[in-house]
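Notes for the one structure printed next.
All chains are identified by letter, namely A, B, C and D, in their written order; residue positions are counted from 1 within each chain.
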Amino acid sequence: MARSKKADEKQATLQLAEGQGVPPHVLKLRKFLQARLFQNSILILIVMNAVSLGVETMPGIGTEYAIPLLRLDTFFLTVFLIELALRIYAYRGQFFRNGWSIFDFVIITISVFGAFSVFRAFRVLRVLHLVTVLPRMRVVVSALIDSIPGIMSVGVVLVLILYVFAVIGSNMFGDDHTDLFGNIFTSMYTLFQVMTLEGWPDVASQVATTDRYSWIYFVAFVMIATFTMLNLLVAIVVRVVEEDSNDLEGALVRENADLRDEIHDVHRDVVQLQEMISGMQREMNTALSDLTVETRKARD
Amino acid sequence: MARSKKADEKQATLQLAEGQGVPPHVLKLRKFLQARLFQNSILILIVMNAVSLGVETMPGIGTEYAIPLLRLDTFFLTVFLIELALRIYAYRGQFFRNGWSIFDFVIITISVFGAFSVFRAFRVLRVLHLVTVLPRMRVVVSALIDSIPGIMSVGVVLVLILYVFAVIGSNMFGDDHTDLFGNIFTSMYTLFQVMTLEGWPDVASQVATTDRYSWIYFVAFVMIATFTMLNLLVAIVVRVVEEDSNDLEGALVRENADLRDEIHDVHRDVVQLQEMISGMQREMNTALSDLTVETRKARD
Amino acid sequence: MARSKKADEKQATLQLAEGQGVPPHVLKLRKFLQARLFQNSILILIVMNAVSLGVETMPGIGTEYAIPLLRLDTFFLTVFLIELALRIYAYRGQFFRNGWSIFDFVIITISVFGAFSVFRAFRVLRVLHLVTVLPRMRVVVSALIDSIPGIMSVGVVLVLILYVFAVIGSNMFGDDHTDLFGNIFTSMYTLFQVMTLEGWPDVASQVATTDRYSWIYFVAFVMIATFTMLNLLVAIVVRVVEEDSNDLEGALVRENADLRDEIHDVHRDVVQLQEMISGMQREMNTALSDLTVETRKARD
Amino acid sequence: MARSKKADEKQATLQLAEGQGVPPHVLKLRKFLQARLFQNSILILIVMNAVSLGVETMPGIGTEYAIPLLRLDTFFLTVFLIELALRIYAYRGQFFRNGWSIFDFVIITISVFGAFSVFRAFRVLRVLHLVTVLPRMRVVVSALIDSIPGIMSVGVVLVLILYVFAVIGSNMFGDDHTDLFGNIFTSMYTLFQVMTLEGWPDVASQVATTDRYSWIYFVAFVMIATFTMLNLLVAIVVRVVEEDSNDLEGALVRENADLRDEIHDVHRDVVQLQEMISGMQREMNTALSDLTVETRKARD
């Protein structure tokens, strides 16, 4: 999570840094868009929109106040579209280089299409704009997205297991149990259910009426799928532990390098000392032998 | 957990520390309230009250001995009220600054209201007083409460996902399946069930009778919700691992700072040595050259 | 796990150490009991007994071969009893100080009672003798048992939650749903089911027919219970991580203490050097001043 | 996982190293088999085969295009057989010393038998060849396999628990509930279901109709099995954490050994300094006393 937070801050810094050489009214607009007051106003509008979309679903109120609710929804959508337009104008090219901006663009675009088509339900995706506005949720969602590559490869193995068992299931039980194993798609859906462990004994017992040894298939699938999913969980935990461990090892190496530098300095000074003493000894020997010569001369 | 334990001890210390400048009979009362014997008596009364509330629910015994059980319950409640009053008298302002005291105040207050209203069931909350009396349970409950902020933000994301899917579900399946997706509330309840994976294939197959592609909705929700919940678990584990790792890094830095101090001392002494030797060399040179002069003079 | 293994080895060492001052035939017997061949024979007999107990349950074979199977079972029991008697004779007092020995004593005693009573099913506990014979399983079971105290306190909180909700449930739904919440015991069993998330929507929807707001009760219980259980899991992981972290910190302190000792030695030698040089300087000064005096005298 | 990756690279290195003293056309063949282009072609063929096996299961298309699909399947199988033959020819003895090669050999052999028998479903195992071709999946599957020994011993304990409970269940409920506890095998299957927590209240309530206290059996089994499985998960996480911790301790010891060497060098030089100074002092004393003698002689 720490990493995502940092990446987030970095992005914010970049936006400021790239603000040089930009006309002053655009800079002013950017400041306005990033101001707390504006962000909080958008936040309140999103929450109100979420509530209005919820109220719409209520049979009584939803039909009675259908017109005002529709007007309200159009208002919210207009505001979000204006905000999006302002942000695109203010940031231009940069806008489409920021992941969160693209996210906003996509959900609001879908929302507009939702408003003018049969897929009215998709208007609610607009509520996800909340994630972009609230920094803490941005961190959490970043962390969620960051953890995907780590489990991707285990996920692919899981899909492979699902596919192989689905083909076997379709071949073996497909003719007798069309509703469960009729074709590769129904088989995969059935096995997805079994994978969540939900109602698997019912599926197994239905199939067991025609295939006596089908329990081997189900027990094997439950065990293999559960074990693989367990490793998926472990993979996430382990990634974090290893990151932490590497940080620690880095700190250890860094700290000890400092110590080594100190010791090097001491060593260098000790060696210098040795040289000083050698020099002094040499000097002393010369001086004393000179003196002895002088004294001898004096004696003579 | 370690942190909670410490916080607990700190609180206890504060209570003692703030005991200065308090009339002696109040100090005596505090000592009495904190005495082992008193605490254990309260503990036994709580357990007995818990048992009596349990016995009340038994159809046979509960109705036959209704009157004595009611009297017993009134007795227990009175004792807990007196204990609470004594604690408020003994600690005054401090009482309401201690989280556990407030907790006791709230559950016993609810319990009193429970005894005089239709919500008789809430009298049992009194049993939670056990947590305050047993130090080990206080630690566990503190740890549970401490782990909430760490998962709060993931929890908010989970609620957002639930809400968005609930609105979509209400819009798409609401007309045909009023019992499951009739309005935003029933939709959220249905999706909460699906989130626990309990009976989700039944819900999905019921909806599939009218919407052929509804399986996409359910499979997507099951996968997104499960993945997010998994991250919730990971978030808790990671928080602990990171705390531990930081402790270790702190220990490393502290230990190495000690070593560095030692090496510094050695270095300082070596430098001093160099100065001593330089001084000595200078002195020796002066003395020897003086001597040479003298000797020369002597020779002449 | 590492700890359990160590404890195990320690125990083994103790047994050997205490073998002094014991008559030679008893020592010989101990050696025989600990010999690989004997242990493996017992191991094979346990597995055979497990199989015979399994065969007994098969309706066809079990009734047809009832007499030989009974004889076989008596034979196995006799062998295990003799083994137990020999071990008690060989180790006497020590026998009952070893946890595993007591474990064997208990399961074989239950097994004997099982053989002569209606609780014939309990004869199978004898198979658990396997754990004592196989060192690796001893380690695993030790680890399982070792992890209990760590989760005990969370477990107590869980039971408290269960009890409080059970009393509330009995009071609120007891009259209308006797089968689910009739008294405190049925309520606790129902809530235990809900806690495993198994079929909780069915329970909730049955209660919802009479109590409209009962969903609050169930959703609250599911969330609180799941969250607490999650912390139970975290508690185990954390305990291991912390143990590991403490080991590491210990290693760090130990290693750095070694380094400090080395640096101390260097420091001591440097200080000694300073003294040597001071001494030498003093000597030199004396010698040179003496010499100067002599030279002056010589000159005069 | 890191370990598996290393082992994998090591294996690859070995294959190259053993390539010495091999006829040039075989070396060329090996190079061809390991070439990116060849590997990718095989990869595409496996995916196409997977799709064709999926299409076969579709009732409409599968029966209409049965003949072309069969031809296609024969083509794919032939290609995989030729690839296998080439690899055996190119690597000979080495082929059967590589785990992944044996894996390919087994799944393709099963696939051939599948094509000519009633077990047509097993032809799909061929798709698992994907794991060998994609290095990242090889790493994941290696990690999965590597984690098995770590949980093996806990698994054996779990099987033992299952067996003991199955025998008890067969003895106690076998006569009244033949479908659930008829013999040791049905009992084990029933308890495996209970272990996944799926529908256990239904099983328990069915048995409860004849045995009033059977809930003790089920609650005990659910708690013991869940607790043991939880430890299985913990065992995996702990293994990784401990490995990491050992790595860190190794780094610490290594780093500190370096520091100790440095300090040793300093120490050695300081001791040398002491000797130098002692020598110098001795020399000086001799020279000065000689000089004094000379001076005295000169004076006289």
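Note that a residue touches a chain if its C-beta (ideal position, glycine included) is under 8 Å from a C-beta of that chain, and two chains touch if they have at least 3 such contacts.
All values reported here derive from a predicted model rather than from experimental measurement.
For the copies chain C and chain D, give the interface type as same if over half of its residue numbers appear on both sides, and as different if under half do.
Both copies, chain C as well as chain D, present different residues to each other, with under half of the numbers appearing on both sides.
Rounded to the nearest 5 degrees, how far is chain A rotated relative to chain D when their C-alpha atoms are superposed?
90
With centres defined as the mean C-alpha position, give me the chain B-chain C separation in Å.
Going by mean C-alpha positions, chain B sits 26 Å from chain C.
Indicate the whole-number Å distance between the mean C-alpha point of chain A and the mean C-alpha point of chain C.
37
Quick check on chain B: which residues sit in contact with 2+ other chains?
197-199, 233, 237, 241, 245, 248, 252, 256, 259, 263, 266, 270, 273, 277, 280, 284, 288, 291, 295, 298
Tell me, which parts of chain D touch chain A in their complex?
1, 50, 53-55, 57-59, 62, 120-122, 124-125, 127-128, 130-131, 136-137, 139-141, 143-144, 147, 189, 192-193, 196-199, 233, 236-237, 240-241, 244-245, 247-248, 251-252, 255-256, 258-259, 262-263, 265-266, 269-270, 272-273, 276-277, 279-280, 283-284, 287-288, 290-291, 294-295, 297-298
Enumerate the contact residues on chain D facing chain C in the complex.
Per the touch definition, chain D meets chain C at residues 153-154, 156-157, 160, 163-164, 166-168, 170-172, 174, 178, 182-184, 187, 197-202, 215, 219, 222, 226-228, 230-231, 233-235, 237-238, 241-242, 245, 248-249, 252-253, 256, 259-260, 263-264, 266-267, 270-271, 273-274, 277-278, 280-281, 284-285, 288-289, 291-292, 295-296, 298-299.
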